[in-house]
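Given below, in the form of C-alpha cells, are the structures.
Consider the two complexes below, in which chain A is the common component and chain B and chain C are the respective partners.
And then the complex of A and B:
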C-alpha cells in the first residue's frame, strides 16, 4: 500500500512543478493542482474503502516508516499509517479540497497571479494530507508548520494591500506562539520515550501523570494556536483578508481543525492527565461563547463566518474536553463540509455585490437562487437544524457533556448553540431577504455552483452516518437520545425565531440598543480587547525591548570594546594611537574614503597590524611563561 | 589517497599564485583562474564525499613530521564533521568566486585574497595537529582583513581593523592554550589532537582543564561569536563585499564552533561539562538577544548579521548539551546556516548591486518588480526562520531536543531557546513584509530580475537547503558517527 504516499505527494509534486515556473506559464498550468487533487481524492476513496472492508477500529491497517535521521546511531523514524481516523480525514480534506479547487478555477480566473494561488493551495493540500497520514508527532509537526506557511502565503496573497500583509504576519506569529508549546512537547517526548511514533508515545510508555499533564498541555497550547482558541484566536478573523476560497479550505474546513485532530490523536495522553482534559473543556467553552457572541455583532459577512468558525472549533474542543475524540472528530467533519460551503457561498455573494459589508446587501434570494439554496442548507446545518449534519454532531457533543456530568458547560454550550442559530438568521435576513440593493447581480458560473451544491448535499445527509461513525472509529455508537434531540432542536428553533424577530420582522431597533448600552457595545466592538492588549503588552513592549537592546549593543557592549581598544593603546603607547587612527579614522574615513586608494590603505593598514601583532605576541609569551611557571 | 586532502587544501594556493603573477592587463583573467580551480576543488571534495566510508572514522589521512624538534606534524584527515565543513567551505568558495564575477576594482589582488582565504578555510577543517590548525586559523584572518579593508563599504577601515584585532586577541588566548596543552601532554610532548585526546583520558590535564578550556573558549567564542563578544560581526558583515560576507558568515563563524567540537570537547571533556550550563546560558542569551536586536535593524545586511548571532546560539546550545542530538543539531545548524545565510547575503548583494541601497525603508515590493529575486529572498528567509522541510529546521530542532535531553542544560534554557525560534520568525517575516511584499518602491521600480549567472550560483544552495531539510540523513549520515565518538568521550568523564 505504498501508493498511499501518492495521496500527499501528488499535490506536492504539483507545487514543485509550478513554483519555479515563470508567472505566465504557471498561470497557464493552473489546472495541474486540480488534476493532482483528483488523484488524491481517488486515493482517499480507495483508502476509505479498504479501511471500511477491514471493519475500521482504532488499529492502523497499514504502517510504514523510514529513518529521516540517525541520532547517536539510533534511527529517528517518520512514517505514515492508515487507520479509520486517517481514512475519514483524508476523505474530508480531499472532498473539500477538490470542491475548493474547482470553485477557485472560476473564482480566481481573473487574477494575475492565479498560478501561484493554485501552487500554494496544492502545497497546502499536500501538507494537510501528510498531516492526517502521519504516524508520528514529528511528521505531523512538520506538516503542521508547512500548512502555517501556506496559510501565511494565502492570507497575504494580495500583498500589495496593507491589510492582507499585516494579517498574514499576525497569523504566522500567533500560531507560532502555540508552536513553541508543541516543540517543547516534542522535546519531552524525545527525552522520555526516545521516539515520536503515536504507538510508542501513546501506548508504549508509562507516563507519570505529571509529565503526561505537561506534554498534554503543551500540545494543547499548540493546538490552540492553530485552531484559533482563546486567547490565541486573534489571527483568524484578520485572516479573512485572503481569497475567500482559501479561507474556505484553510481557515474553515481543514487547517484550523488540525488542532482538534492533534488533541484527538493525543487523547490517550490527555486521559492520563485529567487536568489537561479540564483545561481543554474550559478553553473550548470560552472560545465557543466568545466566538458566538462576537459573530452576532459583525457586519462583514466573512467576519461573521470567521467568528462562527472560532466558536465551532471551541465546540470541538468542548467535545475533546469531555474525553470524546469521536464527538470532536464528527463535528470536525460535519463542520468542514458546511462551513466550507458557507465560505464558498460568501465568495459568490462578495463577487456579485462587490462588498463584504452585509449592510450593503439584501434581497439576493431572487438574484442568486442556487447560491441562496446552497447557503441556506449550510446555515441550517450550522444552526443545528434536523436533519442537517450540524444537528447530529452538535447533539453528540451535548450528549457527552450531559453524560459526563458537565452541567454548567452543557448550559453554556446550549447558549452558544442558541447564539449560533441567532447570528446565522441575522446573516440570512441581512443578505438574502428584503429588497434587492443591487439589481444587476448575476448568479455565479457553473464551476462555482456545482461544488456548493455538492457540499450542500453532503451537509444534508452526512449526519445520518452518526451512529456508524463511532463504530467505525472503534467506539460504541448509536442514534441520538430523543430528549436531547428535542431539546437542542428547541434551542436552535428559538435562536432562529429570535433572529427573525429582530432582523426579519425588525421588531427590535438594534441601533437603539447600541445607543442604550454604549459600554457593552464598546466591549463587543473592541473584540473583548484581546488585540488591543496584545498590541500593548507584547508588540509594543517587544519593539521597545528590541530598540533598547540595540542601543545597549552599540553603546554599552561596543562602547566597552572600543574603550578597551583605547585603554590598551594608551597602555601600549607606540607610534600611533588607537584613538586617532581607528576611532577618528573611522569618522574621518567617511569623508576621505573617496580619496583613499587601495594601495595606500593596504600599506598603512598592514603596517599597523604588524605593529599590533608584535605587541600581542609579547603578551602571549608572558602568559605562556606565567602558566608554565605556575605549572612547575 | 593521501595526497587528496593536501590537494584540496592547497589547490587554491596555486590559483592565488597564478593570479598574483598575472600582468595588469590580464587581471581580468583572474576570475577564470579562480573559478576553474575552485570548480576542480569542489569536484575533488565531491569525490571524497562519494568515496567516504561513513563508519570508517578519520579518512584521507596524511601524517608526516613537519618540525620534528618540537613534534609538530603535517597531519591532515577528515571525519564526517570535517568533511561536512570542508564541503561547505569549498562550495561557498566557488560560489563566492562566481558571485564576484563583476569585480572590477583590482580584480587580480581580489582573487588572490579570495584564494588565500580558501586555503585557510579548507585547512582549518582538516588539520589534526594543533599548530597546523593554528596556522590555518590565522591564515584566514589576513586575506579576510584585506577583503574588507580594500573592497568594503564606507566604514571598512574601522570594521576591518576591529575584525582583525578582535579575532586576533581571541586567537592569542587559543595559542596560549595550544602551547599549554603541549607542555602538559606528558613525556612525549605533542600537538597531535588524537594523541592529546588520549593523554587527556590518561589524566594529563587533570586539575588545569578549567584554565585550558578558558583559553580555548576565548579564542573560539570570539569567532562564533558568542554574546557579548559579537560586536565585530555586524560591522564586518555590513562593510564586507558580498562574497566576503558569504564566506564570513558561511564558513568563518563555523571555525569557532568547529574548534569547540574538534578540540575543546574531546581534549577537555571535564571542563566542557563543568562549563556547559554557562555556555548554554550564553548561547540562550545569544539566541534571544540576537533575534531581538535583529528586529530593530534598518539595514538588511545588519539584520542578517544579528540573525547570525542568534543562529550560532543554537549551535552553542547543541554543543553545550553534550548529547548526540545536540551535537548533530549543532553541526546541522552550522551547515544550514552556511547555506541559508550565504543565500541571504547573495540575494541582498544582488539587490544592492541593482538599487545601491540596503536600507529596508528604501526597499519595498521586490516580488512585484523582480519576482524571482523576491521569491528566492523569501525562500531563504523561511529557511532561516526554521521552516520544516528546509535545512534550518533540522539543526535548531535537534539542538532543542538535545538540550532538553541533556542533564547539563536546565530545562528553562531550552524553553527560552524555543521562544527564540518564534522571535526568528518575527524579524525575518517583518523584513520580508517590508522588503519583498508590497508595491515596488522607487529604488526597486526600475531594476531587472535575476540573471542566468546569478541563478547558477544560488541554485546549489537552494537545492541543498531542500535536500537537507527533507532528508536529514543526507547530512547526518556523515556527521552522526563522528558525533558519537565525542559523546562517548564526554560520557566517560563525570
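And then the complex of A and C:
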C-alpha cells in the first residue's frame, strides 16, 4: 500500500513541475494541478474503500515509517498511516480540493499569475493530505508549517495591493504565535517519550497529569492559532483579502480545520488532563459566540463568512472540549463541504457585482439562479436546518454537551446556533432578495457552477451518515435524540424568522438601532477591540521596544563603532604621513636620482651618426689593444 | 733586402688605404665625401683579400672571387647611398651630416 504516498505526492509533484517554469508556460499548464488532484481523489476513494471493507475502527490498517535524519545517534522517523479518521479526512480534502481546483479554472482565468496560484494551491493540497496521513506529530508539524506558508502566499496573492500584503503578514505572524506552542509541545514530547509517533505518544507512555496538561495546552495553543480561536482569531477575517476560492479551500474547509484535527488526534492526551479539556471547551464557547456576534454586523460578504467560520470552528472546539472527537470531526466534515460551497457562491456573487459590500447587492435571486440555489443549500446547512448536514453535526455536538452535563455551554451554543441562523438569513435577504441593483449581472461559467452543485448535493445528503460515522470511527453511534432535534430546529427556525422579520420584512430599522445604542455598536464595529488591544499591547509595545533599541543602537553601538572608526582613522592618518614622507620620499628620491643620471646620459645621444661611429671605433681599438696585450 | 714587392707591402698599402678611408668616414662633413671614404675602405679590403689569395693560396681564386662580389655589392650600396643623400637633401636642403641630428635623444 505504498501507493498511499502518491496521494500527497501527486499535488506536490504538480507544484514541483510548475514552480520553476516561466510564467507564461506555467499559466498554460494550469490544468496540471487539477489532474494531480483528480489522481489524489482516486487514491482517497480507494483508501476509503479499503478502510470501509476492513470495518473502520480506531486501529490503523496500514503504517509505514522511514528515517529522515539521524541526530545524535537517534533516528528521526516520519511515517504515514491509514485509519478511519485519515480516510475520511482524505476524502473531504480531495473532494473540496477538486471542486476548488475546477472552480478556480473559471474564477481565476483572467489573472496574469494564475499558474502560480494553481501551483501554490497544489502545494497546499499536498501538505494537507500529508497532514491527515501523518502517523506522527513531526510530519504533521512539517505539513502544518507548509500549509501556513501556502496560506501566506495565497492571502498575499495580489501582493501589489496594500491590504492583501498586510493581511498575509498578519496571518503568518498570528499563526506563528500558536505554532511556537506546538513546537514547544513537540520538544517536551520528544524529551519525555523519545518519539513523535501517535501510538507511542498517545498510548505507549504513562504521562503524569501535569506533563499531559502542559503538552495538551501547548498543542491546543497551536491549534488555536491555526483554527482562528479566540484570542488568535484576528488573522482570519483579514485573510479574506486573498482569492475567494483559496479562502474556500484554506480558510474555510481544510487548513483552519487542521487545528481541530490535531486536537482530535491528540484526544487521548487531552483526556488524561481534564484541565486541557475544560480550556478547550471555554475557548470553543467564547469563539463560537464571538464569531457569531460579529458575523451579524459585517457588511462585507466574505467577512460574514469568515466570522461564521470562526464561530463554527469554535463549535468544533466545543465538541472536542466535551471529549467527543467524533462530533468535532463530523462537524469538521459537514462544515468543510457547506462552508466551501458558501465561499464559492460568494466568489460568483463578487465576480458578478464587482463588490464585496452587501449593501450594494440585492435582487440576485433572479439573475443568478444556480448560484442562489446552491448558496441557499449551503446557508440552510450552516443554519442547521433539517435535512441539511449542518443540522446533524450540530445536533451531535449539542447532544454531547447535554450528556456531558455542560448546561451553561449548552445554552450558549444554542444561542450561537440562533445567531448563526439569524446572520445567514440577514445575508440571504441582503444579497438575494429585494430589488436588483445591477441588472446586467451574468451567471457564472459552467466549471464554477458544477462544483457548487456537487457540494450542495453533498451538503444535503452527508448528514444522514451521522450514525455510521461514529461507528466507522470505532465509537457508539446512533440517530440524534428526537427532543434535541426538535429543540435545535426550533432555535434555527426562530433565528431564520428573526432574520426575516428584521431584514426581509424590515420591521426593525437597523440604522435607528445603531443610533440608539452607539456604544454597543462601537464595540461590535471594533470587533470587541481585539485588533485594537493587540495593536496597543503588542504592536505599539514592540514599536516602543524597537525605538528604545534604536536609541541604544545609535548611541551605544554606533558610538562604539564610530569611536573605533575615529581611532582607526587617527592611526591611518599617522600611517599616511609615514607613507607620504618616508616611503614616498624613498620612491621619489630614487626616481629623481634616475632622472638626474638620465639627464647626464642623454648628452651621449647627440643624434650625429659620426659621433656614434667614433665611439664604436674607439671601442674596437680598445678591444683590439686589450686582446693584443692579453695575447702577449 | 730585395726590392720584390711581397705580401707585406700589399698589406701595408691596404692598411694605409683603410686608415685613410676610416679617417674620412669619421671626419668629413659632406655625406658624399663619407660615401667616397667608405668606398676607399672597401677597396682596401679588396686589396688585402686579393693579396692574401695571391701569396698564400696561389692555386685557388677565393680572394679574387670575394673581391669581385664586394665590388658588385658596393656598387649597389653606393647607388642606395646616393639615393638616400638625394632624399635627405630634398628634405633638409643640406648634405652636411653634423647638421642632421634628428636621432638626438
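One rule holds in what follows: the second predicted complex is superposed on the first by the 552 of 632 C-alpha atoms of A that agree within 3 Å, B and C clash if a C-alpha of one lies under 4 Å from a C-alpha of the other, contacts with A are read in each partner's own complex, and residues count from 1 in each chain.
Throughout what follows, a contact is a pair of C-beta atoms (placed from the backbone, for glycine too) under 8 Å apart; a residue touches a chain by one contact, two chains touch by 3 or more.
The structure presented is a predicted model; accordingly, all values stated were derived computationally and were not measured.
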*Would you check which partner chain A:1 touches, where first means chain B only, second means chain C only, and both and neither mean what they say?*
neither
*Touching A:558 in the superposition: chain B (first), chain C (second), both, neither?*
first
*Determine, under the contact definition given at the top, whether A:210 touches first (chain B), second (chain C), both, or neither.*
neither
_Partner chain(s) touched by A:28 [first = chain B, second = chain C, both, neither]_ = neither
*Name the contact category of A:68: first (chain B only), second (chain C only), both, or neither.*
first
*A:49 contacts which: chain B (first), chain C (second), both, neither?*
neither
*asked:* Once the two complexes are aligned on chain A, which partner has more residues of chain A within touching range, chain B or chain C?
replied: B
*So, does A:567 touch the first partner chain B, the second partner chain C, both, or neither?*
neither
*Between chain B (first) and chain C (second), which, if any, makes contact with A:545: first, second, both or neither?*
first
*Considering each complex separately, which residues of chain A are in contact with chain B in the first and with chain C in the second?*
602, 605, 608-609, 613, 617
*Give every residue of chain C touching chain A within the complex, in rising order.*
22, 25-27, 34, 97-98, 100-105
*asked:* If we count contacts the way the header does, which residues on chain A are in touch with chain C in the complex?
replied: 602, 604-610, 613-614, 617
*Please give the residue numbers of chain B that touch chain A in the complex, ascending.*
105-106, 109, 145-146, 149-150, 154-158, 160-162, 164-166, 168-169, 172, 175-176, 179-180, 183-184, 208, 211, 228, 230-232, 289, 292-293, 295-297, 323-325, 328, 365, 367-368, 371, 382, 387-389, 393-394, 397-398, 400-401, 404-405, 414-415, 418-419, 421-422, 425-426, 429-430, 433, 437-439, 471-473, 476-477, 480-481, 483-484, 487
_Under the stated contact criterion, what part of chain A meets chain B in this complex?_
23, 67-73, 76, 141-143, 145-146, 149, 152, 156, 159-160, 165, 169, 172-173, 176-177, 179-180, 183-184, 186-188, 190-191, 542-543, 545-547, 549-550, 553-554, 557-558, 561, 565, 582-583, 585-586, 589-590, 593, 596, 598, 601-602, 605, 608-609, 612-613, 616-617, 619-620, 623-624, 627-628, 631
